[in-house]
Structure formats: structure tokens, C-alpha cells
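Quick one: structure below, then a few questions.
In order of appearance the chains are A, B and C, and numbering begins at 1 in each one.
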Amino acid sequence: MSEYLIEVKDLCKKFPIKGGLFGREIGAVNAVNNVSFKIKKGETLGLVGESGCGKTTLGRSILRLIEPTSGEIIFNGQNIINYSAAEMRAVRRKMQIIFQDPYASLNPRMTVGDILAEPMEIHGLHTDKNARRKRLLELLNQVQLPSDALNKYPHEFSGGQRQRICIARALAVEPEFIVCDEPVSALDVSVQAQVVNLLMDLQRDLGLTFLFIAHDLKVVEYISNRVAVMYLGNMIEVAESSELYGHARHPYTKALFSAIPHASTAGRAGRIILEGDIPSPMNPPAGCHFNPRCWNATEECRKTFPPITNQSATHQYRCYNPIK
Amino acid sequence: MQANTKSPSLFKSAILRVLSEKISLAALVVVAIYFLLAFLVSIGVLASDWGKEVAASYAEPSSVVWFGADIFGRSVFLKVIKATETAVMLGVVVSMISMFIGATLGMIAGYFGGLVDEIIVWFYTTVSSIPGIMLLVAIAFILGKGTTTVFLALGLTSWVGLCRIIRAEVMKHKDREYVQAANAIGAGHVRKLVKHILPNVSHLLIINFTQTFDSAIKAEVILSFLGLSVVGRPSWGGMIDDAKLELGRGVWWQLGAATLAMFIIILAFNILGDALRDALDPKLKGK
Amino acid sequence: MKSEKILEVKDLVVEFQTDRGTVKAVNGVNFDVYKGKTIGIVGESGSGKSVTALAIMGLIPNPPGRVAGGDIRFNGKSLVNIDPSEMRKIRGNKIAMIFQEPMTSLNPVFTIGNQIEEVIELHQPHLDATQRKEKAINMLRLVGIPSPEKRVEEYPHQLSGGMRQRVMIAIALSCEPDILIADEPTTALDVTIQAQILELMKKLQKELGMGIILITHDLGVVAETCDDVAVMYCGQIVESADVKTLFNHPSHPYTRGLMDSIPSFDSTSGHKKERLQTIEGMVPSLFNLPSGCNFQERCSKVTDACRGVNGDPVLKPATDESHLVACFNPLK
């Protein structure tokens, strides 16, 4: 039995571009391009990147909320890529997702009690009325919401509280793996810290495995064991979080971390400011997609796409001319 | 705060909102009065003797005959009341038919997309391209004159607008995160459509009901002009149609009474429709 | 060397009428803006920071809002009860604003050249069409947009987020204003683009000498770009100081709490770190503020003095005359 709860191999997601007279397919956007990674049970893998990098598409593709174009998703030893709807339903108990926007991810016409009970109804859990009520109260307790929340509607709660409801919904079926898709980005700073603490406590108490997608590098680095960096659909570096911050090999990673404004007035010498814009994923540069903005770029970088270099068991990157 | 009291849902707070504004409350009362009149007529309590001759032919309005009399000496007032039953029934039945067809097709088209959507869009585009009157005439021709024909004909021709709106709204909601979340917890198509999306587009159904009701009543007038309206009972359209023979003789009271009765209910429904739209629009709900 | 003071906000109060009653979104705010210097206004949702900016621009929607008290003095002249036509001459011309969402702040049906020229036309009518166009191209060059002669004919949807924000800055600066108000200008942008935009703003300030009011929730941005800082909570300033003092000696428990909520990179080895220090509870509703200090229910340093016996806390000097804090039990 593998120690890896989830293994993704060469996952691809292409979105067709239609054009011309009859709406024929004239090209494709490689939103996710041959991405491979593994996550151990109980681990948190952080996933960062800027607009167009494909991290959100990747997160949803793993759960098959968006259908991948090709590749394998091995969950608990089973490749779920071709599972039927019925087989997926069983798997969905084990894999859940928390979305970014706590306002949009709750049905405004349902009470909190109904929202939390729905996953149990679908999977036939706790069918006895009393058992269900007990479980609902238990869930509210786990996310530190008061018990009278059951009869209220989402619009009566603040952003942070709504996010807790979303977390409770994800926990309702006792999953093993949760994709957190920017779960704290829409929240105030002080509330973010509360929700991050909550997620870490739940992970410890319930033995959960997380894929934590975010653009706030500080939060990702804090909560994750390892962090993966994406650029225009490719995973360009992955390493343990402390290693990534201090010893990034890929120039983009270095620039990314360097761009973060720091809440201290220590000198900010050596700040890297990248030239130019993030290219559109519809028309990525040839060779290594980062080469036009890279100060280390060589001829080879402009010609071919770099393969994976394995620096250690936990640190991989794709670069022909990495930082020393 | 007791654990068992439900806080007001969006609908309940919308109703409260409508009731608190004087004008929309007045409109609601007017609509209620019309529905009540219609009900009383249908069980025979009111205006059951509308066909009796009560005055001379074309008698002028007086204290005895409030709205005058028609060519057969029948009380125009009683005819207007009796016609209210026709109008309300018409409005309700037509709205129901068109809502059912329009909403179902709209939801299926918006939700499933692809080929299903294309077929439904083609279908309603075709239906709406045929001039409404011709379609009405054709249906009436096939089914023969009569009340049922009128209901069916109007119902079958007034669902396209709602279908378009529902389809667009469902398409918007289909990709919203709460539906994706339902996906993630394992919900199937039916559950997503009925439990999640439908309640979020139902406000459009309510608003559309008021609009369809109004247009059904107005369409009945046109049917009367074409001689295709209900038979055997008075209708506002029929009374207005009679006016073409009467106005030349200076007889205005049948036209006036029917028009007034129509005007009031249409105005009331319009006001109510607007008030409901404002009250039910989820975007206007504060955070 | 003290800079010239160009804007004074004194005891500003802004009220809004809602169906639940009147609420004070801004309740007694004081700060100054100096030529060539940047003041950061930091706060979370409901702190009143954006409303303050709108009040300075005279853009508070009326109804339901209004400036209910205090004064805003621009170069000595009061902006509070000024004639709307006078205010229009100032808005966009002497005081300009850029917003958070460059996607929706630009009109999609006009070219970006047109949008820059519109501002120039309004405030510098003596320039003819050729001169306006030239100025627009120069502005685009100034904000670092490559090939400005070509871009000036493009539409907003053809530009990326970072580019659009640069265009917003170009529009704002086209009439060489004395003050630039930037309301969360980089929040919606990617972090590498954010770095570019902040660099740009600093460079432009050096060149053009305007005063900047930077509104943000991101303490990191404040640390890197501002000279002075004011921290707002529930419509009031709870602490203000120059940036170095604030970060080295935060005095108000809320300021301290905000700084502690942010994970820092300096936490190192051994993977599982301690929990983030959080501020307990939630921001109170503005309809239901406690008597005494607004922060009392969440404060780790609360005492009986904070609960109303002494009224509301008032800004008083902390470590030195220019470092003010409104607290009955400030951190030492």
C-alpha cells in the first residue's frame, strides 16, 4: 500500500479555441500541461502561481469537476481518471473541495442545516434523524460555529463564518483529501489567520491531506510541507517550503518570492522586478515559457522545453540554467 | 435566540418588504379583490344573472343601472363582473401553461447545453418567428372556437420569453461555485437542477407570472376582434369589440367599463411585478 | 526638513442612512498629506478607509451618505461644503484617484487614448487635439507602457491587468495632480505585477512630487512604500506614526494583532510551526458598537478603563509627539 494518498501523472487539460466560419477547433489552450506530483497521507502540498498558471484548473481536474484531457489520477491506489459517474460518487466521499468565494459557494436559498445535511443525504450517511442532528452539531463544533447556525441562511454570516460553513460541508462526509482552492484569499487578514489555524487543527485532529492552492505566498509557505510553483500550465519547481524560500533553483520562483512586500522595514536590497507581463496562456513562448522574462535565459531555453531535474527526493525543477 | 425559530428566508423577507410599501400593498389588495370577485362569480354568488334584461336597450348609466345597458338591455356592470372571472381564469391558466413549458425547456436547455440546448433554441426561435396572431388563428382553426382553445392557444404562444430568461439565468448559475460544490459532494443532475438551481431562478417565474397575466388579458382583446375569443360568456375583449358598433351611436359605457376594469388590474399587476422584482432580486440583498 | 502640507483632514465624520438606522462609517478622522510623501491608511473591511478617500474626492453618494462633520482642507481651502462645479475642477485635476479593479474602472468601448484625452480635455481646454494626443502618448510612456504610439489606439480588453492599472495611473496623473489617492491599487494584481506597479508609483512620486494617499489592507505594501501610516478600525484612527516607528514599536493591540496574524518567512526549520497569533472574534457591526473602546471585545490587553467609564479613547502621543495611539492600555 503506497504511502502516497494521491498521485497525479502527466495530467493535461486543454481548452479548445474555436474560431472560423463553423466554429472549428483552431487551437487549444494548455491550461494544465503534463503535470505530475504525489502527496503523502497527512501532508499539505501548497500550489502557487500567478494568473494563467493553471493552478485552479489543476485543483478542479483532480476532483474531475473539470474533466482532464489526459493523464492519470491515482487515489488510494486506484486510477480514477475513467471512473463512471456512479464510481465517482463513491470516491467523492473521500475527496472534497473548499472554494475561494465564501459568498458564491453557498446556495443562498438553503439554510446552513440543509447545506450541511445534503452531502449526508446524497451518500446515505446518518439517516436516523437523531444521529444526523448529532453529526450536524458535531460539525458546527469542529469549525467553531454556534449551534443556532443550523436554522440561519448564509447571508446572515460574515465572510469568515461562511468559509467555516464551507469547511464544515467538506468535512460532513469524513473525507481523506481536501483541495483548498484559495480558501482565505477573500477574507480579511485577521480572519485569514483564524481560518488557517482552524485548517491546521483539523488536519492534525482528523488526519487530513490537503492540496492548498493560493496566491498568497506567505500563507502557503506557512501551512504547507512542500510547495509547488506553476507557470503557464507547467509545474516548474516543487520543494519543501523552507527550502523553496531560501534555496529556490528556478529563476521564476526566486522572482516570485522576491516580489512579496515584507511587513518589516529591514532593507530590501536585491529585489528582483521582472520585466514585462505574464504571457497569455493561449500563446506561450517557445521553449521554456519563462524565457522572455528570465535573466538567466540561454539559447537552449529558447528552443526546447526543459525536462525535470531531480535535485533530491523532495526537490524537483525544470530549468536548464538554474540559480546556483 | 431559540434554536428552533427559522430566520426569514429570502421569500419571506421579500413579502414583508412588499407589504410595507403603501403603493405595492395597495396593488396587492387590488389584485386580491379581483381574484376574490372571480372566485365568487365562479361559485355563482355574484353576477349569475348577468344575462337578464334589466333595462332598455343601450340605456344610459343611471342610479338604477350603474354602467348602463348593452344592446340586449343587460347590465353592463354585471357583465364586467362576470367577465372578471373569465379574465382571471385566463390569466392564471395561460400563465401556468407558459410557465411550465417555458421554465422546463429553459432549465433543460441552460443546464445541459450542447446539442440539447441547440435543439431547444432552434425550437423556440421557430415558434417566436411565426407571427403570434397567425399561430393563434391556426390553433383556433384546428381546435375549433371556444374557451379551451383560447387558453391553449395563448399558453402555447407566450412561453418563449420566459424560456429565454430562464435559460440565460440557469446558464449563469450552472457555473456558480455553489453548484460546483454540489457536484463535489456527489449530487446528480436532478438534484442540482431542482434543489439548487430552481430556487435561485424562481423569482423570475414569479415576476414573469405577473407579466404573462397582463399580456394574456390584452391578447384576449385581439382575439375578440378576430372573433376567436370565448363564447357563451362575456369577456372584456368582447365588450370592447362590441364598441365598434356602439360608438357611432354615442354609446360609450360598455367600452368604458371594460377598459376601466382592464386598466386597473393591469396597472396593479405591473406595480406588484416591479415591487416583487426589487424585493426578490438577490443582488439587492445587502451583505 | 518638513515638506509642504497640502491636505488636512480634521475630525472628519461621514454618515450613511440605512433601513437599520444611521451609521457613522468614518467617525472623527485626522491626518495630513505632505508634498512628495506617501501616507498609508491601513484597515480591514468596515474600517472606513475607502469612505475616507471618497469623502476627500467629494464622491460620497448623497443620499444615502453625507459628510456630517469635520473639515477637509486642500491648500487651505475647505472641500466640505464646496460648490459641485468647483469640486469638479479639482477632481481629476488637482486630486486624482485610482481604484482597485482596473478591469471595471476603464470604459470598454473607448480606446485608452480617448480615456486619457478626456481628462486632459476637461481640465486643460486650451490644448488642441494634436497636443492632447501627444500628451496621452507621453503619459503612457511615463508609466512604462512599451510602444505607446501603438497602444494609445487599443481598447482596454486588449491589455493585461497590470497594463490597465498603468493606464489608470496615466489617466490619474495626466493633469499633474497635487495628490494621488490610490485605493487598493495592487490588490487585484499578481504579486510580480504588484511589485512593478509599486516601483512605478515610487518613481513617479520622485519625478512629479505629488503626495500619495495609499489605502490598503496589506501591511507589507505599507512597509515598503509609505512614509507615514494611519491604522483604522471601525471608522476611527487607532494609531498613527511614521512607518519605521509603527513597525518597530506598534503601540495599539490591534496594530500588533494585525502584524502577528501574518505568517513570516523567518519561521524556519522544524516543520510544524506554532499557531498564528490571531485576533479573537470579529469586527463588531457598526450598528452595534460597544461603549468605550471599539476594540475591547477582541483585545488581549483590555482593562476596565476600556469599557466606557472613560468614554472613547482619544489619540495621544505614545513613543514621541508624532506617534499617536488611541488606547487606554497601550503596548509599551
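Just so we're on the same page, a contact is a pair of C-beta atoms (placed from the backbone, for glycine too) under 8 Å apart; a residue touches a chain by one contact, two chains touch by 3 or more.
None of the values given here were measured: they were computed from a predicted structure.
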Chain contact graph, described as a line, ring, star, complete graph or other shape: line
Of all other chains, the one whose Cα centre sits farthest from chain C: B
Chain-chain pair with the highest tally of contacting C-beta pairs: A-C
Gap in Å, rounded to a whole number, between the CA centres of chain C and chain A: 31
Distance between the centres, which are taken as Cα means, of chain B and chain A, whole angstrom: 49
Euclidean distance of C-alpha centroids - chain B vs chain C, Å: 52
Chain A partner contacts - residues on chain C that touch it in the complex: 44-45, 160-163, 190-196, 198-199, 217-225, 243-244, 247-248, 257-265, 267-269, 271, 273, 275-279, 282-283
Interface residues, chain A side, partner chain C - complex: 50-51, 158-161, 188-194, 196-197, 200-201, 215, 217-219, 221-223, 225, 240-242, 245, 255-265, 268, 271, 273-274, 277-278
Partner chain A, residues of chain B touching it in the complex: 1-7, 9-10, 176-178, 180-188, 191, 195-196, 199-200, 282, 285-287
Touching residues (chain side chain A, partner chain B) in the complex: 60, 63, 65, 85, 88-89, 92-93, 96-97, 99-101, 103-111, 118-119, 122-123, 147-148, 150-153, 155-156, 166, 169, 172-173
